[in-house]
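Below: one structure, written as structure tokens.
Here the chain labels run A, B, C and D in written order, and each chain numbers its own residues starting at 1.
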Amino acid sequence: MSGKFSRKTLWLSVLFALMLLLPQFVTSRFYMDIVIRVLLFSFIGVAWNLMGGYAKQLSLGHAAYFGLGAYTSTMLQINYGISPWIGMIAGGGVAMLASLPIGALCFRLRGPYFTISTIAMAQVLMLLFLKFRDFAWGAEGTTIPNLGDAPWMMQFEEKAAYFYIALALLVVGLVVTWAVERSWMGYYLVALGEDEDAAQAIGVNVPKMKRHIYLISTFLTALAGTFYIQYIYFIDPPTAFSFNISVEAALVSIVGGIGTLWGPVVGTVLLEVTSTLLQSWLGGGHGGVQLTVYSLILMAVILWRPAGLLGLITDVYHRIFGNKQQSEQEAALDG
Amino acid sequence: MLSVTNVSASYGRVPAISDICIEVGEGEAVGLLGANGAGKSSTLRAISGLIKLTAGSVTFGGINTKGMPPYKITELGIAHVPEGRQVFPELTVRENLEIGAYLPGPKAQRQRSLDRVFTIFPVLAKRQKQLAGTMSGGEQQMVAVGRGLMLMPRLLILDEPSLGLSPVMADLTFEKIHEIHTSGTAILLVEQNVSRALTLVDRAYVLEGGRVIMNGSSIELANNKQVQASYLGI
Amino acid sequence: MLVTVAQALINGLLIGGIYALVSIGVTLIFGVVKVVNFAQGEIVMAGMYTSYFCATLLGIDPLVSLLISMPALFIVGVCLQHFLIRRVLKLGDMPQIFLTFALSLLLTNVALLLFKADYRTIQTSYSDTAIHIGPVYIAVAKLIAFGVAMLLSALLWVFLRTTDLGKAMRASAQNPEVSMLMGINPDLVFAVAVGLALALAGAAGSLLMPFYPAYPMVGQVFILMAFVAVVLGTLGNVTGALIASLMMGVAESLGIQFVGADSGLIVVFVMFLVTLIIRPNGLFGGKRR
Amino acid sequence: MGLSKNNTDKLKVGRRQVLSTTAAAGVISLFNIKHAAFAADVVNIGALYPTTGSLAQTGQGCVNATKLAIQMINDAGGIKSLGGAKLNLILSDNQSDTTVTRTETDRLISNNKLSAIHGCYASALTLIASEVAERARMPLLTGSSSDQLNAGTRHYTFTPFARASQFAEAQLKMARLVSDKPKVAVVFENTAFGTATSNGLREKAPGLGVEIVLFEPYSAGFADASPLINKIKASGADMVFPVSYLNDLILIIRSIKQAGLKVVINGGSGGFVLPDFQKSVGDLAEGLLGVAHWNHDMSPATLEVNAAYKKQYGDFIFEYSGGIVAQTFMIAAALEKAGSADPKKVHEALTQLEFTEGYAAMCPGGRVKFGPDGKNLYAYPVGVQWQKGDLVSVFPEKDAHASLIKS
């Protein structure tokens, strides 16, 4: 299989090189914006997928950590003039700290109980940020001061800079996932994802596993929060703790293929590009058309390819480049 | 009445049984014997439609059950009492029994069937209002068997009815099964307790590794050296 | 002070009745079909529009149009189960949740296309009247809604306890495989369960219409509360959902009164999370998973 | 949408015509992404409003007004200094969502050669759009009232109408007209709009002789208003200022009626000044007070616009929509003065111009001049009251169309 491995490496290198050069080709700010959002949401999906995909803990409350990351860096920046680059890491730390008590509570629960408790957690955080107005601008929120071109403060005139940051985040996310997938931890996670009791029975320390992967997942999610707020220049509790972020994180993974390295990326490319293009074709004037079409596409994907689209893509890839047997093996591994 | 012909079935990619052939005649009591994991339960599940056949066919009363969902196969007159005392825990004993007579045919005879079950298992009559999940193992087994009888089946399939029961309870259960058989219901019995089973059934099949390795009358099997060595501990 | 508390309790119970109709539907679907329906709020919306158009186009009182919205949504539920949910039953939590999530998105936006985002209200003779008992009052429309909600919950309970189909539904919920061996057709039972759940949500819509505006996003207002009630009352437990819904209505009302009007939900969520620490399977869950 | 069959009016805009214009604009924006140069006969104006999501209803009203204004300007001969160039509207739906607003503002500005944009109804959305516009050096006009829009380093954001703090002042003064010692309960939705407005009320109340007995934020979009009403009742207030969007407001007004609470209600702006408010609560609206940055009966010009809008869409033109018509005329006047479609020139013209007549000056007081922070130096709000199913201006006296009825 070494031949396949090297071909894969080759493809990845080509892809990565193309990505690095992308800002040279794409000059439209609009298309650049789509690419940036695809990278960002892929990253959020990858972060979610570590826990939701491998350990099968369906969290719909990752917005909690996204928001904590966003608020930490913004408060450090505006109140103390600390660079968002530092704030980003600090935000990750805050998210990890918060994940300990939240995890301690939510991981006692399983299935839908767990899912709904994570939603409630994120909601409570949002409501608290709304309630305590003097703590962080309350419902009014705040805009990020316009500093022009200030790389140290994560502000840039050119979109290309935002692109490279988002790309770097995604690469970090993918490398972390790749490393986890190939470590003993990855095997344990998949085992507990398949059957918690059985995993516990064969000696996997299930609570510890969950806690560890949750720490990683929430740290990465918080990084995304910081970048996102710097990118849209504005923060308020409904934006930072948006339920949509939680849903999107899970959705891109499911559409792409959960528990796979590239699943969230594939899912995001499909969903973000579709929704943006639908928006620019159908948006404005005819309220509801674009989201109607979007939801129909979503349902079609779930019904037609419940295991995600990644499997389909690898199938097609092997049909073109490899023999059929290989593609079946691959599908079995991905499924 | 029941013909299982060259049946194979699998769970995903793992084959469970292959090339099984079994016959059960009208009013007959037949045993399906073998060690744990020999494919006994899988055979039963294939008969009642809970797993799909990958090869072969099952006919009951001349009707091929191919493609039928389990509830259609039940309508033909097969009552499958699954392994492990699977009662409906949050339903009362009486409700459990009533569910047994859910289909229109049995429903018309519901009261008579209930009386019959209560005659066979007097303890259930006294515990009608108790939630089935709160009863002892043996009592739950009685509910499960009684519920099967409520279907007024031509063939009663019993999967390990004595599993986990005390020897006294197990004796009682076998006594009851014998009673049911003598009243005219055909029985297909799966048991790990081979010596016990052989006292009850007329004929039996021995399974190993998902295949039938032997079959014959109870007496033949009880005297077979291999059976004695492997299953009867002689 | 006593009056204020009494009034807060009344307010809480009345709105709790509406939460109950939504949450009982969610819990019924989960109990039998094992799917969490994220689109239940949008069904309430559909019920509201049904009653709205019955009232404005045909002059039918919203309470009477209950007799239209419930059967109509029952049929929708049967179709929903047959054409969509049935196809994802074996696929696990995630595709199921996101299928119903997509459905909720679809319904909201189709409503937006068809009816626009306008807030639609209807004025009935009892919409803004109240019964005053000494210093406290009970709004008539809400009292009727509460009464009908309790009646429908009771009817559902009787249905599940006394009819063969009801018993079959409970049996399927507890052990779908064995219930098939009893000759029960799960497709039929599931379709009826989803149909009933949607009919209840439709009833909630009709009952809300005399005092609540209809608009495409209205489902969001009730769904989160319904979910919390469902979990608190133990998923799949109809009586549990009813009691939990009433509790949450009261908790919300008291929270608004004594903690702050922006804290009703915080109080509810904290109560919810604390309950789950003590009883991870909800108030009525016992030890089973 | 009430469509008129009458074709005689000069201002009448054919619906099909409007649709085909926008459709054509859509096609242009799609296929000419890179090549849309400063065409001699078309000037592109961007408009960002939520036509889906939670604000969809009002957003649609904003879009309607935008279309009307563009049509009015084009029918009157377009931009004369640009050889009669017609305005071309490019619409975008920001889905009531902050992320989408960010993307859509970017898309609008970078995909089209725009001269100016306006939007977005909700303050939170406008704040984001204004940040993007600022960095793209694109003038943005808005009727949003958040004081934050005039703060910081913004140079391209123009706010022709009253600020949140001014709304509070007007509301308090009106309270004094009704009662000598008003005891007010302020209940406000916990959003940017709610907090901004209520903060002004709290700051200014003592100076204006108004006692605030309850100051209560609530979670927007509640299922039931009665717990909140119960609080108001317990506070002993004789006047209520709900700062709310339509849905909550309907419930609040109805629950006050159900509770039999006798209080004067001043609903401020938000959902209160929408035609749908009156439609939703019917007679309960009668006599209720409010404050708006614009009203359809303030001046002859506003009455004209209102007549045209009413003919087209059935309802009277509400506050924010009316403001949009005025803003569009301000943009047109700036284009006229600049003699160029270049946004930087338009920006320059906007900073220099003073509007005192015509549709561009449709503002309480009839005078608009932008200060260095983009704020109209002469802006103040107008007090309104629901009388016989119509929203009439009652305060201050110079803008009043009818006198305030004390109930």
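Here is the rule we use: contacts are C-beta pairs under 8 Å (C-beta built on N, C-alpha and C of every residue); 3 or more make two chains touch, one makes a residue touch a chain.
Nothing here was measured: the structure is a model prediction, and the numbers come from that model.
Undergrad: Common contacts of subunit B and subunit D?
TA: Chains in contact with subunit B as well as subunit D: C.
Undergrad: Hey, what chains does subunit A share as contacts with subunit B?
TA: Touching subunit A and subunit B alike, sorted by label: C.
Undergrad: Most central chain by CA mean?
TA: C
Undergrad: Compare the CA centroid of subunit A with every other chain's and tell me the farthest one.
TA: Following the centroid criterion, the farthest chain would be B.
Undergrad: So, what's the distance in Å between the C-alpha centres of subunit D and subunit C?
TA: Each chain's C-alpha centroid was found; their separation is 37 Å.
Undergrad: Quick one: subunit A and subunit C, Cα centre-to-centre, how many Å?
TA: Here subunit A and subunit C have centroids separated by 32 Å.
Undergrad: Averaged over CA atoms, how far is the centre of subunit B from the centre of subunit C? Could you give it in whole Å?
TA: Going by mean C-alpha positions, subunit B sits 42 Å from subunit C.
Undergrad: If I count partner chains per residue in subunit A, which residues reach a count of at least 2?
TA: Where subunit A meets two or more other chains at a single residue, that happens at 127, 130-131, 286-288, 291.
Undergrad: Which subunit C residues reach two or more other chains?
TA: Answer for subunit C, listing residues that touch two or more other chains: 109, 112, 116-117, 216, 260, 262, 265.
Undergrad: Can you list the residues of subunit D that touch 2 or more other chains?
TA: 51-52, 56, 59-60, 190, 217, 219 - these are the residues of subunit D that touch more than one other chain.
Undergrad: Touching pairs of chains, which are they?
TA: Listed in label order, the chain pairs in contact are A-C, A-D, B-C, C-D.
Undergrad: Any idea which subunit A residues touch subunit C in the complex?
TA: By the definition above, subunit A touches subunit C via 52, 58, 105, 108-113, 115-117, 119-121, 123-124, 127-128, 130-131, 247, 250-251, 254, 258, 286-289, 291-292, 294-296, 298-299, 302-303, 306.
Undergrad: Considering only the defined contacts, which subunit C positions touch subunit B in the complex?
TA: Residue list for subunit C touching subunit B: 164, 167-168, 170-171, 174-175, 177-186.
Undergrad: Which residues, counting only subunit D, touch subunit C once they are in their complex?
TA: Against subunit C, subunit D makes touches at 51-54, 56-57, 59-60, 187, 190, 216-219, 221-224, 226-228, 230-231, 233-234, 246-247, 250-251, 254-255, 257-260, 276, 279-282, 284.
Undergrad: Of all residues in subunit D, which touch subunit A in the complex?
TA: Subunit D reaches subunit A through residues 22, 26, 29-30, 33-34, 51-52, 56, 59-60, 63, 90-93, 95, 97-100, 102-104, 106-107, 109-111, 124, 127-128, 131-132, 134-135, 146, 148, 152-154, 190-192, 194-196, 217, 219.
Undergrad: Sort out for me which residues of subunit C touch subunit D in the complex.
TA: 4, 7-8, 11-12, 14-15, 18-19, 109, 112, 116-121, 123, 127-130, 132, 137, 139, 142, 211-213, 215-217, 220-222, 225, 252-253, 256-257, 260-262, 264-265
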